[in-house]
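These are the structures in question, set out in turn.
Same chain, two partners: subunit A is paired with subunit B first, then with subunit C.
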Partner chain A sequence: MSERNGLGRRRLLTSAALGGATIVGASALGGLDADAAFAAPMPSLDPAVSTSVFVDGRVGQIRRGVLDVVEADGTHKLIQLTNATSIWKLETVTAEAVEVGDGLYARGVQMPDGSVAADAVWVNIVNLYVTIRGIERSRLHLSHGRNAMVGNIVEKKTTASFRGGALTSNLSQLRIGHHAQVLGAWRPADDSVDIARISVGH
Partner chain B sequence: MACGSTSLWAGETSWFCCGSSWGPCGSTGTGACGTCQSGKNMAAWPNLSAACWSVTNPAACGENMPRRGCGSVVNVKHQCSGATVCVTLADCGPNTQMWCSEQTCCNGACRTHRVLDLTPAAYSAIGSLSSGLLPVYIYE
Partner chain C sequence: MSASLAMNLAPLLLGVLLAGTGAAKAFGRQVAGQAAGTVLVRVLNDGRRATLVLRATGVLELAVAGGLLAAPTTPVPGVAALVLGVGFLGYLGYARVTAPQSSCGCTARGNGPITWRAFVRAGLVAVGGATAAGARTAWWGQVVRDPVASVLLLAAVTAVLVAVSSDLDHLWLVPLRRTRLKVFGHPLVPGRDDEVPVAASVELLERSLAWVAAAPVVRSGLIDHWESDGWRFLQYAGVHDPEGAARPVTVLFAVDPRQTRDTTDNPAIRVTLIDDRTDEPVAADLLGALPTG
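Presenting the complex of A and B:
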């Protein structure tokens, strides 16, 4: 994606959030997936100065496409979802998939009213270093730090990589005691994680 | 503190959560430096200290990056898109020795070995969190 398209995407987000734009489709922006959204070159950031906004919190309320997100310190941030917002929740989803109680990371543009027009939202995404403690057909028992955790194997979604190899849907090489990294979506209802990818190390 | 442009290292970066957060990240601490927060542009470096080095053991993969302590600032650049983010070192990691020979590629060029872990805020500045790994150049 060119820098011009990246900046164009930002302008589109802003105008879409202000209600002044008609979204004509993804093709003009080169796609609305999160990878494409951030492929454009961005200015170098000083640690103390951020030109874009990042939000980390849990969804407290949802109203008309606006997420009221509560951060760890209790601060409320309003996240505006537009037609140009890419949303991930184990896979690319629509705004209807976001629920109260979900955790999220969002990136976007600060609006004049203090809300954030989101460019990308990653819902319940986790990327955890774990050890495999047990293996069942549909789930893995994992330890993450000192905590036990269940990793759900999701049909046609879960893939694995072994010692740097290519991704595969064949999980038969998983073994108890393997150290791995799990990229997936946390389930607030039962505190388990739906596994998108498990990468087994040496 | 401004970011430099002197080449320091190159390799793969992953991401990790730290500080107070939701879900499984609620039980993670503030890292080896005691300052790490997912929402800030921060990173973990495998040679943060001698103790850190003994755990991450990048030498097992042939990586002998220099020591950089808590508070050091590095500039991380996506190998292909050119997107950059300036981060402050705040934790020890990744466990490089676990991922020897792993590589991440874009536009036909690959970077091997995990040499950096970014917080979600930092990683999302240069790529999508759902990608999990990115090939990067690191400057100081």
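Presenting the complex of A and C:
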């Protein structure tokens, strides 16, 4: 935990929120969570969002909060991480969790010097359509196209959704043969995927 | 007796195996795509050359297979297969050490990373080659002379080959796993604490009116989350821009930690904007921006 979301900061924010928050009720519309990394950018009336830029590549170097990202075509982009940047790597993490070699998808604002100040960064995020081929206590055997792969079940992190229901940590309804969508974080070390969310029957 | 049986039948088994993998490499339509995932590309510095090498290896395997099947009693094809197997092992070892994520291209199929199965397969080719070199009787003669033992040995070796080929998992491994679940029960029993995962709270938030109201302000994804005073707090970063004076804010949502999309479609959510420079709550009329009716 860094200073920006340390316990003291949490306490301060909590008391500010409980003091005089607007309470809003009722329904509908989009998101900025991990799913949003794959959604087509929605037209927005907010000028800040319409000027967002997207960067997709591998982290080549990390220097004091600046990531040197190499895109697929070989071009380098500098990504600045700030206190206001959200970083996802299976869960919400801090900048220290980003490593050289990680795949990265970032949304942010173009700076005059050509770098990108990131609003949100998703690290090693993958979105796969798979078939469940085996179920064990700590992992699922999956097939993706012709390839076999391993999906790790991470305690308190892996969630499932069945037939459009809410996300739950109860995975007991998974069955061999189920077709599923897996949102997760790829682990470069052993080429497996840590499962954030597995959706069945959508 | 059984040693000579294995020696005499080895050319048949190894010949069929190499004919299969060789044909897939030499004539397979996806070999070009397959070669792209192998360590060959990096060694040769060129995808087209890697494809060529992979296809040439296929032709070589076919030639050795032809020799094993047609001239089983001469030691040359067996020795050639032994050399081929040792070569595969060396290549796999090199690839595994230098590029652990690359594919071996071994069977010209799937392009998963190199597993222990690939090593076992290559080892079997080497051992099979050494065994085949010792054949004294042609395999067809052996089968006629000793049909029962021959069929048993062929079946046993075929089973081993199937077990080390991931392409054939659906034939035996998946049914085996299914049976295990039936016998021992589902390994993923629900935990004792029925705590709502944070992802479910985020999902609830993102389908709420509170989210729609705050959307113009929120810029980041989830930055932090914690529970306090009976609420689950979800922290985002944003920019509040009331009249052209943009200032960075923390957007804090508080949701009921027990609620999910399944239990309510009308959640009560607290929204607070906190100025990042002063740490003071910002009085903002988020709801005023929403279309009414």
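A few notes on this one:
Throughout what follows, the second predicted complex is superposed on the first by the 151 of 202 C-alpha atoms of A that agree within 3 Å, B and C clash if a C-alpha of one lies under 4 Å from a C-alpha of the other, contacts with A are read in each partner's own complex, and residues count from 1 in each chain.
FYI, a residue touches a chain if its C-beta (ideal position, glycine included) is under 8 Å from a C-beta of that chain, and two chains touch if they have at least 3 such contacts.
The shown structure was predicted, so the numbers you read here are calculated from the model rather than taken from an experiment.
Residue contacts after overlaying the shared chain place A:Leu128 against subunit B, while subunit C stays out of touching range. In the superposition on chain A, A:Tyr105 contacts subunit B only, with no contact to subunit C. In the superposition on chain A, contact of A:Met149 is made with both subunit B and subunit C.
When the two structures are aligned on the shared chain, A:Gln181 is found in touch with subunit B, with no touch to subunit C. Once the two complexes are laid over each other on the shared chain, residue contacts for A:Thr159 go to subunit C alone; subunit B is not touched.
With both structures placed on the common chain, the touch criterion links A:Asp191 to subunit B and to subunit C.
When the shared chain is aligned, no partner comes close enough to touch A:Ile62: not subunit B, not subunit C.
Contacts of A:Ala120 after superposition: both subunit B and subunit C are touched.
In the superposed model, A:Glu71 lies in contact with subunit B only, and not with subunit C. When the two complexes are laid over each other on chain A, subunit A has residues 33-34, 45-46, 48, 88, 120, 122, 145-147, 149, 188, 191, 196-197 in contact with both subunit B and subunit C. Residues of subunit A touching subunit C in their complex: 4-5, 10-14, 16-34, 36, 45-46, 48-49, 83-86, 88, 91-92, 119-120, 122, 133-137, 141, 145-149, 153, 156, 159, 165-172, 174, 176, 188, 191, 196-197. Only residues 1-3, 14-17, 19-25, 27-28, 38-41, 73, 75, 81-88, 95, 97-103, 120-121, 124-132 of subunit B touch subunit A when the two sit together in their complex.
Those residues of subunit C whose C-beta lies close enough to touch subunit A in the complex are 100-101, 109-113, 166-167, 169-170, 173-174, 177-178, 181, 186-191, 194-195, 197-200, 202-204, 206-213, 215-216, 218-226, 228-229, 231, 233, 235-239, 241, 248, 250, 252, 254, 260-263, 265-272, 274, 276, 279-281, 284, 286-287. Against subunit B, in their complex, subunit A makes its touches with residues 1, 33-35, 37-48, 50, 52, 54-58, 71-73, 88, 103, 105, 107, 120, 122, 124-129, 144-147, 149, 161, 163-164, 179, 181, 183, 186, 188, 191, 193, 196-197, 199, 201-202.
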